[in-house]
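The letters A, B, C and D name the chains in turn, as written, and every chain counts its residues from 1.
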Amino acid sequence: MTTSFAQEGDIVLLLGKDKREFMFRLRTGAELHTHRGVIRHDAIIGHRWGEQVKTHIGYPYLLLQPSLDKLIRGIRRNTQIVYPKEIGYILVKMNIAPGVRVIEAGTGSGGLTLALARMVGPEGRVYTYEARPAMQALARRNLERLGLADNVVFHLRDIAEGFEEREVDALFLDVREPWHYLEAVHAALRSGGFFGALLPTTNQVSELLAALEQAPFGFVEVEELLLRAYKPVPQRLRPEDRMVAHTGYLVFARSLFVPTPIADHADDAPRSTNDEDV
Amino acid sequence: MTTSFAQEGDIVLLLGKDKREFMFRLRTGAELHTHRGVIRHDAIIGHRWGEQVKTHIGYPYLLLQPSLDKLIRGIRRNTQIVYPKEIGYILVKMNIAPGVRVIEAGTGSGGLTLALARMVGPEGRVYTYEARPAMQALARRNLERLGLADNVVFHLRDIAEGFEEREVDALFLDVREPWHYLEAVHAALRSGGFFGALLPTTNQVSELLAALEQAPFGFVEVEELLLRAYKPVPQRLRPEDRMVAHTGYLVFARSLFVPTPIADHADDAPRSTNDEDV
Amino acid sequence: MTTSFAQEGDIVLLLGKDKREFMFRLRTGAELHTHRGVIRHDAIIGHRWGEQVKTHIGYPYLLLQPSLDKLIRGIRRNTQIVYPKEIGYILVKMNIAPGVRVIEAGTGSGGLTLALARMVGPEGRVYTYEARPAMQALARRNLERLGLADNVVFHLRDIAEGFEEREVDALFLDVREPWHYLEAVHAALRSGGFFGALLPTTNQVSELLAALEQAPFGFVEVEELLLRAYKPVPQRLRPEDRMVAHTGYLVFARSLFVPTPIADHADDAPRSTNDEDV
Amino acid sequence: MTTSFAQEGDIVLLLGKDKREFMFRLRTGAELHTHRGVIRHDAIIGHRWGEQVKTHIGYPYLLLQPSLDKLIRGIRRNTQIVYPKEIGYILVKMNIAPGVRVIEAGTGSGGLTLALARMVGPEGRVYTYEARPAMQALARRNLERLGLADNVVFHLRDIAEGFEEREVDALFLDVREPWHYLEAVHAALRSGGFFGALLPTTNQVSELLAALEQAPFGFVEVEELLLRAYKPVPQRLRPEDRMVAHTGYLVFARSLFVPTPIADHADDAPRSTNDEDV
């Protein structure tokens, strides 16, 4: 992040005037083929960030380091990814910061993994669970490509068997039926820790909320984020014609302290404060 | 973040069943007076996070460490703050992460400062500019209270005089007329660096876009985020009745490399790629 | 609507510079008491629409005929009303126009009744059902006050007993559990007729959708409308700070022709085309 | 609207299980060619609304009368149309109802014209202005096809020359620079009458607001409507993935009474009440 010039191994983003983008890793001897001509990687290496580079027919592209936003959108994937707008909000709501230990499941293509790995830094750790070997391999390659794999522990395991870690600061579930795993979630989180989930349908949200009411979690919140982009034209400022209308509902909760086994003291268990505000 | 028990000096969040919240720093000998009774800080110290603590008349509060979201909303302030939903997105779009060097102006009450300071960590640095002494003092106290002041350099200075730093990774302006400072912004940012601004009115957005077109910036984006909260009731899931309809428009751009002084080569200056897609 | 001057019996809207509004019926001898002074109705009668009238201390109010939007918002009510943004869309989606015959339940305070009565005109008819006598009386007074009661047939009756009319063009349910009445809805609607409902929670929407799949309805749609107001200041154009985040989900469907009793031919019944696009 | 069976000359909507729709006028001897086979119009005539009709290879389509919503979306057009969500709201905000006289410009493809013509009924009148002969011809054919042309007066004329009518109840401008015509608008509207405009960019809104402040209009409002559709699946209820993010900003105002020529008494002219609430 600190060098001024593009180097072998860097992930670069080329942006054309036609708004087409290319994101790739610089490798000596390689070539980028665009519909506007060819650029040799060697002709990019050594250029300053923010400069123009040109194809063999002279079409210019802007040379940039990708933002986290671009990296997330640009990873190789064969699953629906968590969108940057949700990822940013997850970071703020779940207190993700340097040094934090966080569990995530499923790994998927690794988009959220990559954001978490970047934010917790080398002092923190991301523990990511995935049951499908091919999916894990894809995510691992995505993280390694970005030099972030050292911050991540990859588990190849069904979370129905529980999580290995204890006393983690935060735990995020991007799985179809998160309500099945709340006991394991509670066992892995430190008391007061942050739980989050992303769910596409209202039925899933209702089911998760019902399960949270029966489990030692409190301070439950459900939110959704809508992102609207504008055409950046000063004399004709207006929103884009179309937008993403839905990526998912975010559910957040805090883990509560349970002095004795849940089964024995169900009635004493701390309850969601939301029980009563209906 | 890593201890299991509330200790002297910790910032705590008490959450009542009535949804009232109290956020404060634990000090031996102090007392919290609520409309449901009194709690001595000494009676909180030593409790586990996620436990209940009670007032002298027995009203229970949940003891939690505040999230970054809560800290931002809860700081002492006498200005409009940047909201957590925008802050999360700014982090992702502007590549804020451990080790990053970022300039921010104005400091205001320090809400964004605090989020940036937390994310860049001790290896990074936030340089924050504010022209009003009383405002800077407030922000500094807010940051010190949270133990984050070491990651921040406070400048008491009008940014019309320029920024002291060079080659910073990112620069965010939360000021009324950001278009006046683009030359100084470009001088402070490293080539390819991230520029961002938050503006409440469409007129300001148009004015900033027009200035960006004349300056060495590219990849300009304008976006807004809408956050909708739901009542977390499983059998009657529905959005809250009202929501915040507007906090501001976010403008992002990338700093471009300029080989020679702008004044001499205005026609050669890299231009926004958005010029032509109207 | 066609006279140029305010007359005895007209519903008038007074709008102050302080944005306070008063809506009432002109009666000779009456007085309006505002926090800015008193206006005698006799001093309003005979003024032109769009003129200013003044209180005894000289505070000016703009004299206007209320729009349908204002009338709906301004009726005396003791229920949640259907909002103008939904009403406008209902008119367009359910083909409400002069001459149409439409059933509505429940009557509530009569906000939607009033809009329907106005749109179908004297050639059409609104049949409105309400089980609570006091509520019906309130709605009837609201409609009479506006001179629209002649277009409306008021039924004091629980719709669990069915609808009296047959072959109506459209039928709208604003009741808590519309799924109980689909057989009666189908019996009242002409083949191909328009069905609509407004529901506050996602759980209700799911339940109605499930019932529609089992009944002779097709072309099912679920939609919601968000209205965002802007501060109308040319130099500082921006959305209002807050907005209504939710009024309800609209569900629309078309009644299908069933050649024989539903019970005998459940498998042949036309089905929602939405069954298969999941 | 009142017959139970499809007849020669009716506009019909065929809806397939694959969600493809066809809207056309029934003509004896004609044929509809779909990708699922052919249907002769004669085989449709005489069917009940809400019934199924089948192609020669047996693919079923639902036979329906189109709603106003469908008619608007389905007209032949070579311009951007006003969307049904905005049209419904315009009806409610501008008091469009049976018997109303309303001016509209430009006619465009006639989408709004058609909605207005339907709502004002035979007792009302729509006066629509268009400067381009080909466009007017298209709109006229669209209206004639639907049997609504009798409610409409078509003017082939640039509105820079003013409007012919006086004392109309409402006037809507869907033109690029509505601020040029406010004097003519005021001359055509009755005192207290309803003015509305639809504008795609924020710059246009600002310009119109500035002009309204200088003209005898009051009660100015700026609003936008967002429509979000849901997948109508009871077990997996969720919004559609994408939505229309912007169609335009709606501006509404009321015409004020001006006792003497504007030019002579500029300082006495009633002013927007919004002047002062900034």
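One rule holds for everything that comes next: contacts are C-beta pairs under 8 Å (C-beta built on N, C-alpha and C of every residue); 3 or more make two chains touch, one makes a residue touch a chain.
A quick note: this is a predicted structure, and the numbers were derived from the prediction, not measured.
Colleague: Looking at the contacts, which chains touch subunit A and subunit C alike?
Modeller: Intersection of subunit A and subunit C contact lists gives B, D.
Colleague: Match interface A-B to one of B-C, A-C or C-D, accepting only the pair for which over half of the contact pairs are the same residue numbers.
Modeller: Of the listed options, the interface copy of A-B is C-D.
Colleague: Rounded to a whole Å, what is the gap between the Cα centroids of subunit A and subunit D?
Modeller: Centre-to-centre distance between subunit A and subunit D: 44 Å.
Colleague: Can you check how far apart subunit C and subunit D are, centre to centre, with Cα atoms defining each centre and the answer in Å?
Modeller: Using C-alpha averages as centres, the distance is 20 Å.
Colleague: Two or more other chains in contact with one residue: find those residues in subunit C.
Modeller: 202-203, 205-206, 228-229, 235-237, in rising order.
Colleague: Applying the document's contact rule, which stretches of subunit C touch subunit B when the two form their complex?
Modeller: Contacts found on subunit C: 200-203, 228-229, 235-246.
Colleague: With touch defined as at the start, can you tell me which subunit C residues reach subunit A in the complex?
Modeller: By the definition above, subunit C touches subunit A via 202-203, 205-206.
Colleague: Looking at the complex, which residues from subunit C come into contact with subunit D?
Modeller: The touching residues are 1, 4, 15-17, 19, 48-52, 62-65, 67-69, 72, 84-85, 87-95, 97-100, 115, 118-119, 121-123, 167, 169, 190-194, 202, 205-207, 209-210, 213, 218-237, 249, 251, 254-257, 270, 272-274, 276-278.
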